[in-house]
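Here the chain labels run A, B, C, D, E and F in written order, and each chain numbers its own residues starting at 1.
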């Protein structure tokens, strides 16, 4: 059977204006990769954020990072201040991966 | 360490024609937010649902809700009748979040 | 309460060029459905893969399959060779579903 | 009959029809040729805006003749009543159950904007004039059929559900029907063309008149791709239903021809009303049915109107109806 | 006053304004009419490219007259200084706190490309000539106001944060300000028009001149949809702030009129400078504020400039400023 | 030489090339200027449809002269054989391994549609006529090189794999090669232009002829943005490979010049064949290589053809090849 490795999955829904800073942090902290769903809409504390946008001001992005627990913790730690004043949520779960060298 | 809170994640893949009703239900039931990936394709019981669409009839959406268990249960309860006659699946998993006040 | 059924969720981020082969495998192996997010960007072992693409060469797709454990294992088994030489990751997690007949 | 064949052949070698055929072939052979979704939606909006605006300007130029009211009444009557006929035929000649028959019937009471546009292109090519306000008929015919379709479906629903019967007209459906994008854009552009008249046309013409036919050709290429990829859905549909997709337009066109002649429209006008009556919706009605009649299967009604009736009208129907209109107009 | 009313009415029945109104109505009524996002971005790019290129060609044709430098200096001065005035008014007349007042103020120092374009359409319709290089003013005025806005916001920031104060101008903001897509495209197209002159225009005209107004009409339809859907945001904004969105353009236009007359611009030029000074940004500045002043609430500044000031300028402002420009030019 | 320099300079100040340069600068400076993906795909489709249709109409007007068959045979011969030469050079002068050298070689046997289109624009600007059927050469040359590339790669594959060797031509690849969107659209539009002739052109011209150059300019802006953002990929590629991206077009153009002269093409025709032979694919071939030769690294072959050979041909190559064509035609 294919060997599986336990990792953490972090999903971040955040307004597009903040995505760049968060991605830079993710890279700085040592994660080996990330995936972005560039255009999601939604509703949360800050009201509706939909697709009808001239600028990116009302656009959300979904950022997904799979990482070892230790790096995941570092990302979570640093997300809190980065999200201050911005719309965004952070969701963590347990996953398994194949091809450990990617993470 | 950042405090984490246990929540349920509900992912719903549903045809676009039904999305509005489901989102209204999610709001009515007391969830504090949701995220929508507006354009996904797929295959299921009801055959291929792809991107080549004039109307939304063959388009899928992915709706993601993070909520406390109790509210999640209410959503699941109400999804069953709403999905009757429509293409759609419902997937539930355990997650943790930061910033509890968002959920 | 609505009856829930335990399944595996497999998420695959893979370059668009390889998506067709993977989907054919998923169908061949007996999964009853899948969902595709057609346009995601990201960074991994093989560098940045972004949206600015003339051809699909630098485009990623996200494929999601919910399946019973046995079928999930078969998919995972067959993914390894299919991903050789291609950019891609595979993430597995535990989920529950309603409407068991869809899976 | 000689003229009819010539007409059909001439229609076949117009760039519009040829691009449609190219699209069908490419789609059927699974070529990766694809027009990005937003572009094809944009082209559809362009066609509706242009045709609406032109109709409005012509309406302003020619005034509201006596037949205008009659034409509008005819539009409503056709759209409301044709689903009844379609439903009866479907129940008699096919195995579709009540909701599916009702859903299909609704499509044939409504209209296809692109078929209408292609018909105006066909007439333009032959310098046959037509009444500008027929665009208003197009806008008016889009949605009444939905109501008839839902009423027809009611008959079975009462038995099946335990919950108290939902109101026929939900808020969601009302929006779908009266505020559907195509109705608003067609009607709005018509109104703007009517208000601004020739002066407005001078401003808009380089954008919406000159490149119109080329845009239509590209859009038909896209429609062809869609049809080509859906050709295999024939199997789901079943032959008796496919046959319906071919004879129903002929029946509809006949009714349209007679009625249009009766209210005194010109040769071009008679042709266009026949086309309206013959065509079936594949954008607005499917969306409404999916919301309000989910028991009906979209894998039946979408391929039927899109992959059978639409190409039939585009390639064979338009020249045929025009020939018939000539014959009836000359009587 | 008679002329003013006539102007306003004539403006109201131009296809551009009517399509905008159609969009507002459809958006407000929650019609599903929608122009796909990439198309509307594409249309915006088209307008900027076209207006920039035309400005460059005219610049080349008429040479750099003596007033050009004065006009460019005026552009910078207006964009840098008008936020100060706006900020003072907002703090005095509304309850906005420091960051929100600073953010709103920045929007009113900057400009709205589409309002400018609509004003050139208005002048073109009336055959009023204007200085081609005013497009360069448009490009120059887009971003300096951002700097003033951020400096104003500083005043409060120092108290609130414990961290050492971040540099005013982050790399991210610099990119937003100097390399903003609209600045690059406007400026670049202007330069290319200037370099290639009439020969370049011959190549580009069928694409960017002839269909220009029709494209503008479609874009205004789209803007209308956006405004219509955001009309309800009024409630968030509060009436004193809404009022600011109406009187601030009048103040700005007055300043623009006087300054443009002082540096010797033509009637058309005076009108356009008034429009620039009166208009508020809703694309570039919101994006910059979101990055650099996240404490300010976009649900205040976006609807204010988009749903209040923009329609006001488009429908009432442009003819009004033009009438005032006539009056001041005739003195 | 004087003429050559003048040609190059005149080319440099055409709006097309300047918009490309603007794009490169903006992309390199990380401006957020971006043309939405669906728009840029739409523009590419437009260019192919327009160029194909025009070619077909000219073909119909001028008839199938004696050289047509020779030209088509030449197209196939060039596309099949040039990868062999490229492969030999790459293995000798760079460190690329077998699959990467084979993949790169395939790109240089194929062609760049936009380079061809820019060259027709260059000729049109100078009123140099060319044979309409050369568009068919463009369509024919797109894909044969893929087959040669894969055959070359075979040599190494046999060693590496344990599984029985996969067939060279998978169903997936066949679709990629013969039903590639650009092949279908170019070929199909050519056929439709040929069938409908001048009458078809009258219908399509306002859409596909008049705005053609402006659309090309916008598309080149977009290409520039792409190139600018990929300029940094140079490092991945390595200098010997970069050098190949500059001398290979010169070698290809020379072969093209001689062969085109030999089969008796006009001055314009010789120029265009040189451009075809000099250009490298960056859409169709990368996609095919990714499917069928995944061991080869796209981060080598995409920047090489897109960021080095394409700009070189666009800016320096086209005027150079035209000058050489003049010289050879005058012999």
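Here is the rule we go by: a contact is a pair of C-beta atoms (placed from the backbone, for glycine too) under 8 Å apart; a residue touches a chain by one contact, two chains touch by 3 or more.
Source: prediction; values computed, not measured.
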Common touching chains of chain D and chain B: none
Length of the shortest touching-chain route, chain E through to chain F: 1
Least hop count linking chain A to chain B through chains in contact: 1
Greatest separation from chain B - chain, by CA centre: F
Pair of chains joined by more contacts [C-beta pairs], A-E or B-C: B-C
Cα-superposition angle relating the copies chain E and chain D, to nearest 5°: 120
Chain A-chain C separation of Cα centroids, rounded to whole Å: 19
Centre-to-centre distance between chain F and chain C (centres being mean Cα positions), rounded to whole Å: 35
Centroid distance [mean C-alpha coordinates] between chain D and chain C, Å: 40
Contacts with two or more other chains, residues of chain E listed in rising order: 34, 36-39, 210-211
Junction residues of chain C - those touching two or more other chains: 37, 51, 93-94
Those chain pairs that satisfy the touch definition: A-B, A-C, A-E, B-C, B-D, C-F, D-E, D-F, E-F
Sites on chain D touched by chain F in the complex: 13-16, 18-19, 22, 25-26, 29-39, 125, 210-211, 213-215, 217-218, 221
Partner chain D, residues of chain F touching it in the complex: 36-39, 41-42, 45-46, 49, 53, 175-176, 179-181, 184-185, 188-189, 191-192, 195-196, 200, 203-208, 210-211
Residues of chain B that touch chain C when the two form their complex: 13, 37, 39-45, 51, 60, 62, 73, 76-77, 79-80, 83, 89-94
In the complex, chain A residues that touch chain C: 1-2, 4, 7, 9, 27, 32-38, 66, 93-99, 101-103
Footprint of chain E on chain A - complex, ascending: 15, 17-18, 20-21, 46-47, 51-58, 84-86
